[in-house]
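Next, two complexes with chain A in common: one pairs it with chain B, the other with chain C.
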Partner chain A sequence: MKYLKAGNIRLFWVTTFVYLFLIFNSLQFLQASDSHAAAQGGEIDVAGIMIHHVTDTHDWHFFDLPGEGHYEAISIDLPWLIYDNRTGLSVYPTTEDLLHSGKYILEHGKVAPISFEVTSINQLAHHVEEDFKNAGGKNIELDSLYWVNLFAREHYVLVQDHNPNIPPRLYKLDMESTVLDLSLTKTSLQMVLVGLAMILVFISVAGYYSRRKGQGPKGLQSFVEPVIVFIRDQIAIPHLGEKKYARFLPYLLTLFFFIWFSNLFGLTPLNSNIAGNISVTLALAILTFIITLFSASRSFWGHVFWFPGVPLPVKFLMMPVEIVGMFTKPFALTVRLFANIAAGHLMLLALIGLIFILGKGGQSVVGGLSISPLTLAFGLFIYCLEFLVAVVQAYVFTLLTAVFIGQAMADHSHDHAEDHSSTDHALAGGSHH
Partner chain B sequence: MELVLPQFGLFFWSVILFLSIFLVLNKFAWPKIIQGIQEREKSIEHALQTAELARDEMKKLEASNSKLLEEARLERDQVIKEARAIGEKIVNEAKEKASLEVAHMTSTARMQIEAEKMAAITELKNEVGKLSISIAEKILRRELENPGEQEAVVGRLVNEMNLN
Partner chain C sequence: MLLEAAIGVMGAGIGAGLVAIGAGLGIGNLAGKALESMARQPEASGNIQGAMVLTAAFIEGVALFGEVVCLLAVLAGK
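Then we have the complex of A and B:
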């Protein structure tokens, strides 16, 4: 050991950790592919597993243990919180409880309200005829059966269990009621964890400042402080101005660390990605959008609705362009962050999936083994790259937020020519104002 | 498709959770941290400024010190020069005095010697006079023992006197 330097030992541990993570992921994948293969008669749906891995779920799945003939999932069922205009807000502790209530079915993981279960073909025919007439259809005899078919598809849903031995059930959808799924899903729970971690870290860091007044940074403080100073000096002050930046700095800091911590959490085993969900990035982008609108100056609205310095017809031409431009900014923010994070996770999963495609789900050991070195090498590379992406995307989102707020606040009644070129640059990736 | 379609529940919780994180941190963490950083920066800036001032002060002090030193050196030179002059003067004066004294002493000695000499000469003269008288007496007495000769002498003397 004495021939190893401290740096080498650290590198050894990091590499070991990364490989353990990759192996763990592969095991999860193996189990998932195994149960999927069982359900689909030997075919592995790699794309399905990948998408399932990055999307939100109502349970926190850790791993599977081999049971009798199938794999037993070790997971936590997360409660369903559902708002229904028929019954108001109700909670179902598990997915089973939800389905047993008889009010809902799950359609691709989404809750759909039902009126009743169709038990016989006569009942179905009767109801379809009734509903079709009520909905404005004139006569089944006269109208094309094609339309009735379409209509029935919209109003009735066939539910097939994962277990092919259980026969499918047909339900009539309740078209009158609206249902909102407000459940605290896996991703929401991850966000709660990220929030707790952030609160723990930053309140303890804040404690350092009051305990060690006037002294140099120490421990966690010395890790976090340069980042905070960077956000203040490189993002907030250049784009929001020396006078107004202080109002937005807490938001920018929270945004940056929330995205960064979320991404880092997503890279550790047992946790899922957060910013790879479009709903999350949309929420962040909309918050930025609202702040932008509320801090917009008079001249910003002037530019949107009545573009200065151009002939009258062009003013009318510019109005829709500017209004669309206003909405493209949050849209770009949403998609950029979501796509980057989801793509990273999908890449890693695809590389691991290669083993299972070439290994034909365990039938071809040679095929699986031959691609494994490539998977491990590229997997390691992508995994390390993801740590960089984690911080870069947090930086980009925060920077663009500052740029957009800065542009909206700026009084550009004097220098519109210069100002619009900077708008284009900002959309292309951010520039100094 | 599911991947790119926002879900209301998750959107709702994202907003709620993000806002709660923001509110908690904005209340308990950010103000302290931002203020702490600012205060430290200010104190560092202040310390730097003070150091700069102290350095300037030091420079000024150094300049005045060297000026004082220069003055002291000049004064020392002056003092040495003066001392040397005074020394020389004293030595010269002493020399002069000494030579005067010497001259005086020599002249006194000479005068004394002269006086002694004169006294000795006088005494010698007196002695010679007395001696010559006594000699003369003796001679006269011998010559005057017989009357003939007395007459011859007197006659000679008278002659001699006449000649004179």
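Then we have the complex of A and C:
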């Protein structure tokens, strides 16, 4: 125990942060797949990697190892689960299986059904013949505009492989069939993992409480308890009231811990970006929105549709404003969380990307070395800041949820005088305080 | 065509800068006033801090709308 002096612990934390930062960011960059490197003639496409990191994919990519002449991707291929009205529900273990099935192509990462691959000019000539017939023997000019129109009308898609040496292929889309992509993507799989981690943590904490009744907290319990008490005393009770807060506390706690844990997961070197995905934050905001609407009091709806205490024309003016205000609140929640997390990840990647831009992908050692101290200093600073952002954003989302629910539940009918002065309909969603 | 795209990207960059200025002014003002009132009335620090974080979140929300629009402008220009 004598090694655990305060200075040593501090040193331990600093080294841990430095290592985590270095591993996190260099692994993100090793994700530069061979296509990125090959297409740019040895140079690494930093913007492409940044965009790739914040978008959802069908494989969980960890890093690449240099193989013979190309990079070997170390990743988990997630299965495609596709509902198609032609064939019903089908599963394809990997993206390659999906493409080899000959039924689908990927258009900007989305599955599109195809009827056939156009391999001969005769297949196109058939359409030209049809057009001549339909035009009633009138002359049709086969200029480029004709082909553009034909392709737009008949929905042909030209697919270029990642490898520029393979010529593009032409496919005809199947316009009759509808395709529903139900697969578990990278982000949804990581959300499930975060959920499992939360279940493990909280079941064990709940076990402590039942086994150690009346005793002080211990282990994980002493880590979680202050946070729960903080959310109850600083967020739930002041905004929801002593009587009603208990009904919403489970939701607030789930929200807080889910956002916090997924943000922390995003700071590990595992290529995770859960709350930096706008669909995830939108889903969370919609949950808040639904709960707000269902717990709204009579006077909340009164304020929305028939604003009390103002002249009649103003009532009609206030109605659309209030209705829009109802929707801007969840929208602001969505964008705030998404933009904060995505911006943090992008900033880190951009800072590390500077090394690769100035180092010209390994050709200019001096350039790479000269920028690295700056990258390390700024990157480390932002990385530590991200740990703060992780908890602050979880706090803000939970706080605003409590504020919105409390606002909707409040019975304003008795305190009109001071109520109207504080009703702001700011873009960010007003709050009665 | 190239010039249009370049102007678009430039606009996004300038817009991001303006957003940063606005948000900086807003949050700086807010934090300054909050610290001032905390120094005057240290016993009210808790309440002031809570209200400060809430308001900062609103300002930040508006700023982030702006930043997202700028990002979209850059990506659309590609």
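In the analysis below, the second predicted complex is superposed on the first by the 350 of 433 C-alpha atoms of A that agree within 3 Å, B and C clash if a C-alpha of one lies under 4 Å from a C-alpha of the other, contacts with A are read in each partner's own complex, and residues count from 1 in each chain.
We take it that a residue touches a chain if its C-beta (ideal position, glycine included) is under 8 Å from a C-beta of that chain, and two chains touch if they have at least 3 such contacts.
Here the structure is a predicted model, which is why all the values come from computation and not from measurement.
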item: First (chain B), second (chain C), both or neither touched by A:Val366; value: neither
item: Partner chain in contact with A:Gln234 - chain B first, chain C second, else both or neither; value: second
item: Touched partner set for A:Val403, first chain B, second chain C, both or neither; value: second
item: Touching partner for A:Ile121 - first (chain B), second (chain C), both, neither; value: neither
item: Contacts of A:Leu253 with chain B and chain C, given as first, second, both or neither; value: first
item: More chain A residues in contact [chain B versus chain C]; value: B
item: First, second, both or neither for A:Arg336, with chain B first and chain C second; value: second
item: Common ground on chain A, meaning residues reached by chain C in one complex and by chain B in the other; value: 51
item: Residues of chain A touching chain C in the complex; value: 51, 234, 238, 332, 335-336, 339-340, 343, 392, 395-396, 399-400, 403, 426-429, 431, 433
item: Complex contacts: residues of chain A adjacent to chain B; value: 51, 54-56, 81, 108-110, 180-185, 187-188, 191-192, 194-195, 198-199, 202-203, 205-206, 208-210, 213-214, 216, 224-225, 228-229, 232, 246, 249-251, 253-254, 258, 277-280, 282-284, 286-287, 338, 342
item: Parts of chain B lying in touch with chain A, wherever the complex brings them together; value: 2-15, 17-22, 24-26, 28-37, 39-40, 43
item: Interfacial residue positions of chain C with respect to chain A in the complex; value: 50-51, 53-54, 57-62, 64-65, 67-68, 75
